[in-house]
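Input: structures, listed below.
Look for chain A in each of the two complexes below; its partner is chain B in the first and chain C in the second.
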Partner chain A sequence: MTTLAAPLPVRRAPMTRVLRSELRMVLRRPRTLIGLGLLALVPVVMGIGISIAASDSSSGAEGMAALVVGNGMLLPIFALSIAVVMLLPLTGAMLAADALAGESAHGTLRGLLMAPVGRGRLLAVKAFGVAAVTLLAVVMMAITGIITGVALLGGSGMLTASGTTLSFVDALGRVAVTVVFVAIQVWAVAAIAMAVSAYTEHPLIVVVVTLGVIIVSGVLSSIPALDWLRPVLIVTSWDAISEVIVDPLSWRPLVEGTLRALCYLAIGGSIAFSRMLTRDG
Partner chain B sequence: MSGLTEHGAAAETSAAARTKGLRKVYRGTVAVDNVDLEVPMGAVLGMLGPNGSGKTTTIRMLLGLVTPTAGSVELLGHAMPDGAPRALPHVGALVEGPGFYPFLSGRENLLRFAAAEPLLSSSDIPRAVGEALERVGLSGAAGRRFRGYSLGMKQRMGLASALLVPRRFVVLDEPTNGLDPAGTREVRTVIADLHAAGTTVLVSSHLLSEVEATCTHVAVLNQGTVVAQGELAQLLEAGGANLLVSTPEVTLAVDTLRDNRIPARPVPDGVRVDLTANTAPAVVEMLVRAGVPVHEVRRQRTGLEDLFARLTEDTAVGEIDDLDTLITQEAR
Partner chain C sequence: MNRKRTAIAVAAAGTVAGVTGLVLIASPAGANEAPPVLPPISAQALVQSVLDTKVPAMDGAVELQNNIGLPVPGLPQSSGSGEIAHVYSDGQGRGRIALKQGGAERTIVQDGTTTWLWNSADRSVVKYRNGDTAAKQHDQVSDPTTAAQTIVGKIQQDSVITVDGTARVAGRPVYQLVLTPKPTERTLLREVRVSVDADTRLPVRVEVLANGQSEPALEVGFTTFNAGAPDPSLFTFTPPAGAKVTDGTSAVRDEKERTDLFNAVNGKFVGEGWDTVFTGKVPASLLSTQASKDPNRGPVDVTGLLSRLGKPVTGPFGSGYVISTKVGTALITTDGRVAVGAVPQQVLVEALGAK
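Moving on to the complex of A and B:
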């Protein structure tokens, strides 16, 4: 035995090459491009709508919506707080659905498994693709939001809900905090979607189940008798975005929301991983 | 430690792939049962079987895509599915139809799969993709979206991705599906080239002529089990040999042979003589002595088609004994 040469190390395709290839593929998919384009347009449309409504004077807007008038740097935050409820989770679910279920239906997942890309590695590559593109979507919304806000709604710096005014740089910081927070929330939703996606070949099922979870969570969180359930519902975190425009910034709800999202990420990720190890290719 | 023993096993093995007692049950349905398959190194093994006989399931287990319910798989000396990272880089496969991204062009699709190939260095990828496209005659259409490809072109893409890297073992599941006669010939050429280069090839097909033309070995599956396997020539030989004698005096010929206890029966334009216990010259001499005008004598080998029909049809009860001996002989 000892005279035998040690077995050759397992050769793998360089991870960065596989990740780059994954990203290139996802960004070439027409669905992804259309989705990203539409999401980027959301703050623009909202900005136009708000500036028209504002010139109409006495609109009965409340909360953040009322504050956005003449306060352009708030637009990206406002837009993201609206999009995180449905549009962004839908995007995350769609990407996750295509990543495993869709590729399985096309037979391309099998091709990657036979290359071979290890099963755990393949899930990591797919998760990276979903995470990167959802982050891109959030960042794009923030950028078009800032541009539209500054151009159409104007204002110097950011007027907070507490009545103070932040400098432009501080306002950018608040937008950045929102971007990170929202991206993590969408990743949490996408992780649930990845878990479902690992079990099926039908992308539509993934989207339906994920949206179902979000809608049911929303309904449950609005029932006062079920208040005890709120801490475990993903939608609970999303109210925390309004904290971003309070001065001084109160981190607690944001951190709590992030931790909740990380729990979802861990659970969704583990389920997807355990299924990927045994999934038939 | 396990790596060492694995390596040791790889050194002494002579089979590119081997399964033992392979069984797969899908939700109570037995897809494959007790499959002992051996693909000798360097062989071109044709896997035959009617639809639903377990060919694709066996191949998927061979490649580690599906975990067997019971039994073991060894691929290039590595136990599957755990040995997949060591074995699969040397294996090219076209399984269950080609899977590609419809919105990418042929070239982009191959670039994507090439990026996942462990044995390709990044600088070699464009060349490897170009050569693979050239090899299957898709260079001209490489820039078009996969979505718009014809069935035959899609099949060629599958072949191209299986051949991106020089392989030690190539698995082709129904490679000629959707191909026109020219495409079928090209697949044969590809298989012949691979064989000449020392690559082991496993081709599953239900097209018997294709297998007969390209394979050195055959494995026949029926209802989830291997009913016969071995060298093609040997299997055909074991199917029994006949002598076809054309003569106008059929009755006289049959009577003469039967008087000498040689099984014979009339066929159009002559008689068919069983050669199990006799040689051809002896039969001819006997007939000529008896005054039978012999116009033509031809040795008739069992075609693969006959063999296949006998092995996969349940009807021929009388031949079961004969068949069993055939199988046991070949299984040894």
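Moving on to the complex of A and C:
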């Protein structure tokens, strides 16, 4: 009788448009905007605090904190080294929680899963939204850190821990290295959060589990008897940020930390993908 | 169902890849490599070549592993390990050492005419003009052949010195020079193992092994070692703006204070070789509660600290506390006498009696 026509060519929306609309959707959420704003304020508050404390004779600051006084270009690096411990992982976990578990809680994930879109493609778009906004948060912290540092703390270049002074351009390079390193570390945390997010429909569980993983890792790494465990813990990489302010820069700890983060990305990403393949709603 | 199987496969593959990567990062590179084949060499010739060698142009990272069972002040935590220094040398007497101390860094730069000491914790710089102290040291080792004979002869009085095969340290082939105490030596140490780079003849690793331990109690060595001249700008130092610069000559006073303290302690060495014991006397007032120099911390209860670190003992010397680690023992009596050595407790007691 009727012959079946050749299957209709699949018309896909161009990837860039999909990514842009996902990004717009993430950025339209009030909690994302509030979170980004607060993170951008962190270096400003730290800069004001340090400049007040500096005029108040000798403070008992140690390590990087002692070097920031009168050394403005160090402020973005110092702020990021503090934020990577808790604030940025919290942000990554929150974004990942909204990406899958949040959609599921609203019942909107079901529609996306029913749509004729590859599951891998769906996860990739969601992961892109999380990754882009975490990177944005890190870059914003660096920018407000540089502005606050130069304005309040001064200093023409960057005084390194090794006693050398870097030019402004070199100092910007060090800040850029920090931004890339910190962003990859937060992506690793967000990948774990994505895996949890794929399994649940309660966004809060995602945030709680991810912070739990980080806190437990921190506790484990401080127990001397468990030294052998340290190299596999995600938090171990975060100490490497202090290498950025050493001259000459030794790349080994930074590369090692990045590789460790990539391993966590592989684990979290593959678990999230496998769950997305079988998920129904 | 097919999809389910794919899902499990993907999860398994990704997790296995990630975990394997993490384990690979954790395990040191080249741990299971076969030792390199090097031409045989006698112990004395090896010692002589070490004395003969000049530090070549190189740079490398130094790591310390401390397993002695007690935290060493100023060094990373007990049973901790980590990079403690980075060393650069241009092979012509100029060099740079970057030392890590907690969150701060100390940099020592020798630029040919001046030695600079930078401390990032208080942003201070101390500079020393190259005086004749360095020249004097040069004279002593001016004839490496006789020096090697003297040193090897001295060592052989109390120890057996051998070349025990080869190994790799920081990817470089090394000879292993092993000092073993003679059976008559009453020491806690089993052997001291010095790895000598086959090419440059620099000692690149020192391990101290205690009796009954398979792992070194203390290990200092290079983890990376690059031959070749580093960037020459590393061997210059300009004090940064805002740093306190002091001249090294005013720091000589510190050294005098230190010798004064040494005299006050009335220190002397008892015995020789591996069972040398240092004995001395600390003012009894030191053992009572002390006000700490650091205003942020409370007073230090020295006796309380001792009773926590060590265990109380009594003997012909009276009563005191003994602190034992894998590589050494310290005995502190309640009247302020002190004996320290890489020896068991009994030898310390005898040394105190020998006074």
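Following the convention adopted for this analysis, the second predicted complex is superposed on the first by the 271 of 281 C-alpha atoms of A that agree within 3 Å, B and C clash if a C-alpha of one lies under 4 Å from a C-alpha of the other, contacts with A are read in each partner's own complex, and residues count from 1 in each chain.
The definition used in the following text is that contacts are C-beta pairs under 8 Å (C-beta built on N, C-alpha and C of every residue); 3 or more make two chains touch, one makes a residue touch a chain.
Source: prediction; values computed, not measured.
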**Q.** Clash-or-fit label for the pair chain B, chain C on chain A
**A.** fit
(Q) Let me test your reading of the model: by the given contact rule, A:V169 touches which partner, first (chain B), second (chain C), both or neither? (A) neither
**Q.** Partner chain in contact with A:S270 - chain B first, chain C second, else both or neither
**A.** second
Q. Is A:S250 contacted by the first partner chain B, the second partner chain C, both or neither?
A. second
Q) Which partner does A:D280 reach: the first (chain B), the second (chain C), both, or neither? A) first
**Q.** Contacts of A:G107 with chain B and chain C, given as first, second, both or neither
**A.** first
Q: Check the residue A:P116 against both partner chains and state whether it touches chain B (first), chain C (second), both, or neither.
A: first
Q. After superposition on the shared chain, which partner residues are touched by A:R28: those of chain B (first), chain C (second), both, or neither?
A. first
Q. Looking at the overlay, does A:L262 come into contact with chain B only (first), chain C only (second), both, or neither?
A. second
Q.
Just checking: does A:S242 make contact with chain B only, chain C only, both, or neither of them? Give me first, second, both or neither.
A. second
Q: Using only C-alpha atoms, work out how near chain B sits to chain C after the chain A superposition, in angstrom.
A: 8
Q: Determine where on chain A the residues touched by chain B overlap those touched by chain C, and list them.
A: 278
Q. For the complex, which residues does chain C have touching chain A?
A. 3-4, 6-11, 13-15, 17-19, 21-23, 25-26, 61, 77-81, 83, 86, 98, 102-105, 107, 116, 118, 120-123, 125, 224, 231, 234, 237-243, 296
Q. Can you list the residues on chain B that touch chain A in the complex?
A. 3-4, 6-8, 11, 60, 63-67, 84-86, 88-89, 91, 93, 95-104, 108, 111-113, 115-120, 122, 161
**Q.** Interface residues, chain A side, partner chain B - complex
**A.** 1, 4-8, 10-14, 17-18, 20-21, 24-25, 28-30, 106-118, 278, 280-281
Q | Contacting residues of chain A [partner chain C, same complex] | A | 60, 62-64, 66-67, 70, 159, 161-165, 224, 227-228, 231-232, 242, 246, 248, 250, 252-253, 256, 259-260, 262-267, 269-271, 273-275, 277-278
